[in-house]
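One chain, chain A, appears in both complexes that follow, with chain B as partner in the first and chain C in the second.
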Partner chain A sequence: MADSVEETKRNLEEMVNVLKKYADNIEFVERVGLIVRVKKERLREVSRFVHDILDSYFRTMAAVDERPINNTFAAYYVFGKDEMGLNIIIETHTDPLDPEIPSISDLVPAADWYELEAWDLLGIKFTGRRLYRFILPDEWPEGLYPLRKDVDYNLRPVKPLARKASKQAPAGPRIPFGPYHPALHEPEYFELFVEGEKVVDVRYNGFHVHRGIEKLAESPRFTYQKVPFLAERICGICGFVHSVSYTMSVERAAKIDVPERAEYIRSIILEVERLHSHLLWIGVACHLLGYDAGFMHSWRIREKVMVLSELLTGSRKTYGINLVGGVRKDINKDKIQAIMNTLKYIKEEFSKLVEVIAHVPQIVKRATGTGILPRDDARKLSVVGPVARGSGLNRDVRKDYPYAAYPYVSFKVPVYSEGDNLARLFVRIDEVFESINILEQLLDKIPQGPIFAEKIEVPEGVIGIGNVEAPRGEAIHVTITGKGRPYRWRVRAPTYQNIPALKIMLKDAPLADAPLTIASIDPCFSCTDRLLVIDLKTGKAVKKTMEEIIKKKKVN
Partner chain B sequence: MKDNHLKKSIWVFHLNTGSCNGCDIEILDALTPYFDVERFGIKLVASPRHADVVLLTGPITVKTLPMVINALKAVPRPRYVLAIGACAVGGGIWYDTYSVIGGVKEFKKILEEHGVEIDKIVYVPGCPARPEAIIYGVALLLGLVKEKVSKEVVIIGEGSHH
Partner chain C sequence: MWLDISLTIILLLIMLILPPVLDGIERKIRAKIHSRIGPPSIMQTWYDIRKLFAKELVVTDTGYIMFFIAITLFSMTILALFLLPTGFMNIFSRDNISLLLFSIFILAIQLIWMLLSVAPSNPYSTIGVFREALLGMVNELFFMLGLFALLVYVNGLSFTHLISTSYSITYVLILLLLASYAYVSSGRIPFDIAEAEPELASGILIEFSGPLLGMVLYSNLVKRAILYGFVANLIILPLLGELNLLLKILLFFISLLIIWIIYSVTSIIFARTRVDLAPKTLFFFYLLVTILITITWLLRV
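Moving on to the complex of A and B:
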């Protein structure tokens, strides 16, 4: 480790020397990363350097209305240098009256959605690309941006009435997939354009589950210690992931030291959550392939994990035990024994199930070679989680940006290079066994001590980043602190990063594979849609954009 | 209210109106081996036209509203709704945000405007609602168990309010 620390230091110095050329100001903030402040005119140069030359992934972007503080709109682009575990945050500011920032979506394809979202919700214009309504509904008034500070969180300018369902549709056969579809358990709308049985294009019309969470957290209804309860409700599957990401972002911003025992408990619950989520997904995948016996068996095993969650947290959904500074519920000897017993059961039963699944021809045949995501595309789109690991990218936040108690345990990160649905299935199967392994180590090593930090003081106006490897990939929260509550809280769930990859996976593939391929990224729309509603104006324009995105062309 | 219409196995349609997945997964959980409601003849169907009961989850976002109304219109009468989870019951933690319509009270008004009558709503609160509670809700709807709190059941169009 000592060598790598030295090396990291050296690399960091070199990096700072080069970045100095571009930046107004560079600051290294402990627990957060390298903050590079640039003029917006130089944003494209710096982004290209950080993304291409430094070879870092695009992680998230937070656009902020900072007019009450410094009379600007700000954008924080977070890049991650995985090998060094370093965040490179490019901060830029723009004019309050006519906010404009040069678009980087042609250089960094993964930034596409972030720019559209910032345009729709904050009214920041990204020059050099086409902008269109992305998240808010059609009937939302032009020029009203809900995330601006002068707009109330509970303003409802839209009279909630049913609008006309029919929209101008592009020519050619079109298969609607959703918003209510037997293969989707959430309202989400995909339009698949087909030639015969072949999918030629995909249109994603999402953000049905947007509930205005980020804005709500800034409202007087919330405080720092109440937001975890809101964060949990971003998602009913990986709720604890979001509450840990949030608390971690605040703790890192405020330099709060969380007791080690609390970190262990967080890791334990996170792994329990991963177990139930992967068992859920494997069941759903079996169901979609017409193998309902596998579905039922997987959920039978999963039910034991739910009972365990209830024992550990008091709720089947791991809700309500996490706060900024630690956790509210301790784990005693009886509970450790209960976890051990459950793990033993899961290991035995799941091994049997995997053996069966691997010998069911319809599973193996239908998953092999379908929904392929090549490694290069995965890299360009900075995809995360099992989708990245199924396409040969060795990315796991638990290893790359260590948090909670993961630095104290050893585990493998399964990586498969095929990039097909089978590879993603195998990644998840391997991860179930790894989770059991991690849990056994955590339970063995958990130290004694307090579970809550002694002093919690959060200074104003500092930035913090929290990241957690959710079952679906990296969840990352950016918090800018304010008075008594976050000034801005930007949530980025794993599915947000992975959906753009679906266009590549579905294109030119048979229609019959579409449900499995869509499911193979384990989409979680409730996480993705914290914001409002995508509604695309004319089918034609959208189709063009899709092609442009696929070809990675610059959109004008 | 006597339910002569639902004597035999009931078919349910799952309508997620912007839920976080918590309740939705508990609904699926009720269908899988541990709770196994299929042994009572309860079956999940893919179309609202085949449904006896709609399992409604989520706070009803502005975006899903038109589709929710369409889906409810497609359900044959008598139209029964099981409102599952805190969000479906009263809007949940997002009851007043800019992108949800704000709980059942508002929703009922909109349904009335569109002439969609709901014959009976049973509320299953919880965050998320437990599988046992969902099954209990169905039993309540079928009249197999007695209503313990009369205010829990709202009959639209007969003047009572929650």
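Moving on to the complex of A and C:
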């Protein structure tokens, strides 16, 4: 153990010595990582070194309007050296009047979307690449960048219109896959170009329901302790993941010591959420393959998890028990017993279900050798979660960047090298059993004590990174603290990292397997969209409940 | 004479009412196996059809063609139903070429299904019909071979010839081939690739809604009843002998119910196959059965 710590220190020193050649300033911040401040002209060199030579994964990038602080636009590129559990944050700044940063998307393909997003929302121009509208609707006014600090959070300059189809379509029939499709449970749009039943190209057209949650959190309506509830509404399935990820980023920035018992409770709920999500996904996968018996039985087992969630948190989903500094609900002996009983039921029933699923010939045949993501491509795109582990990458934030109570339990990270739909199915099946194992250990070891930190003080202008291994992969939140609320809160859900891999997975595959392949990344596009009614005459958005709409329709 | 006509009409009416009810029973059984409650009553499919007929008619540019083809499909299905014996040899099934005519109607219904899918010119529907055609190439081919074997075996072209037929290994194999054909043709999992709801958003049915969808779905259920009724006749007609007429009718409907349930339970244990796998699997299965029929025929067993 001591040797390993010494070795890590040595490696870190070596790394810092090399990075000094490029950087203006290097700082190691405890609980955050290594911050490398570079001039934008050297960004490409450093990125290449960190990504290729240091063999780091690209984790996220937060672009920030820092004009009110230091009259610049800033970009924080977060790379991860998984085996050392180290974040390498490359910080660079650019001119406020003509913000330009050299693109690194040719060196780090995973950075592609982040640059497009920063261009769309902050107006930072990335040179050396093609920039186009990515997130904002087509009719959004040119030159209006919503994440800039001088744009009000509740500005609604346009009436949303339907997204247009792509202008330059390859020759041959085009199959529209979405935005409304039985295989997609959220609005996303894939254009599949086919030859017969073979998919020859794929175009992705997403962000149909972007809700501006990051901007909302910076508004006066929110405080540090209100944002966890907003974060939980990012996703209807892995909401707690986002809530914990956010609170972790603030706690790490502010050096808040969360009580151990609270960390255990968070881990327990996170694993319950994983069980729920994987059981849901296995059911959906069975349904997509026409095996509704598997679908129904998987969801029967999942129902018990939801009942358990209600007992532990008061809600079947969107638990609302997490805060910066700890949790709001404790777990007593009766609840521990209830969890144990549910785990026993799930273990028995799920084992039977897996036995059956593995013997349905069509499932095995259709999942084998389809939707292949080779290891090299997975590495280049820095994919996360079961998608990475199904392609032979041993990545799991719970092991690589330990948090909450995960350092106190032992568990295996299932890795399969085939890279196909079956591999991703097996990863999730194995993870259900591992989750049960983790929960048993957590319940056995949960310590006594408080569930909320004694002192919560958040200094201004500090960066914090929170990461949680969601059922779909790593969710990572970057928070730059402000006065009473985040100055900038950057959310990166796992699907954001995994969708670019679909182009590779779908190409040259049978059309029939496209729904399964898309589902195999367990996509979570934009779950809990608020109800929004647009008055077509005035173009104004008004909030109404479903009851009000039904009532109005009846009157009319 | 009048008794024959009355009984023909009554049984025809029963056969028109029964398919959605049998579907309702199937839905309840399926729900039980899935560990869920299912529809509130076995009449639910009828309620669904009634609801569809109560909706407004919304059609695409090619709506009138679709309407025309849907009417033709419905009429052809009813004509096939006229020829089907129901334990009782009605005035049409007694005809000298009733079995041959019935088979021609069955093939025609399959063809009209494909035409119906081509009409909307929707990409999902086009893919659906391509899949249907690919599967049909194997399925219909072996249906014709199976039918040929049956006609030779019973030494006639009418349903009445089935009554005097005796069971043998050859006959059981012919029965297996035709029963498999009925299963595949009724669009059940794993062979529902033309509709494949999560893949093709209902494929061949994507542009249908309201009364038109109601008519097509109802025709499909009646088609199922005809196909399964055909299998039921192949099984029971050689066994009925001199039984009481009411008992014969009862036996037919019990057989129909059992076959329907067996087929529905079979579809539950499988997942959907893929268009490149389905014709291959079917071809090898049918080929094996056909070879066995030939061998047993030559050996006279």
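Methods note: the second predicted complex is superposed on the first by the 513 of 556 C-alpha atoms of A that agree within 3 Å, B and C clash if a C-alpha of one lies under 4 Å from a C-alpha of the other, contacts with A are read in each partner's own complex, and residues count from 1 in each chain.
Quick note on the criterion: contacts are C-beta pairs under 8 Å (C-beta built on N, C-alpha and C of every residue); 3 or more make two chains touch, one makes a residue touch a chain.
Bear in mind that the values here come from a model prediction, so they are computed numbers and not experimental data.
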item	value
First (chain B), second (chain C), both or neither touched by A:R300	both
First, second, both or neither for A:K39, with chain B first and chain C second	neither
Chain B versus chain C as contact partner of A:P515, first or second or both or neither	second
Partner chain in contact with A:P146 - chain B first, chain C second, else both or neither	first
Of chain B and chain C, the chain that contacts the larger number of chain A residues	B
Which superposed partner A:G239 touches (first chain B, second chain C, both, neither)	first
Touching partner for A:V209 - first (chain B), second (chain C), both, neither	first
Which superposed partner A:L289 touches (first chain B, second chain C, both, neither)	second
Common ground on chain A, meaning residues reached by chain C in one complex and by chain B in the other	182, 296-297, 300
Residues of chain B touching chain A in the complex	14-26, 28-29, 32-34, 46, 48, 58-59, 61-67, 69-71, 92-94, 96-102, 106, 110, 113-114, 127-128, 130
Interface residues, chain A side, partner chain B - complex	137, 146, 153-158, 160-163, 165, 179-180, 182, 185-187, 207-213, 215-216, 229-230, 233-237, 239, 280, 283, 295-297, 299-300, 303, 306, 316-317, 319, 524, 526, 529, 532-533, 535
In the complex, chain A residues that touch chain C	173-176, 181-183, 196-197, 286-294, 296-297, 300, 360-363, 365-366, 510-515
Residues of chain C touching chain A in the complex	30, 33-36, 123-124, 126-127, 130, 189-190, 192-193, 196-199, 201-202, 268-277
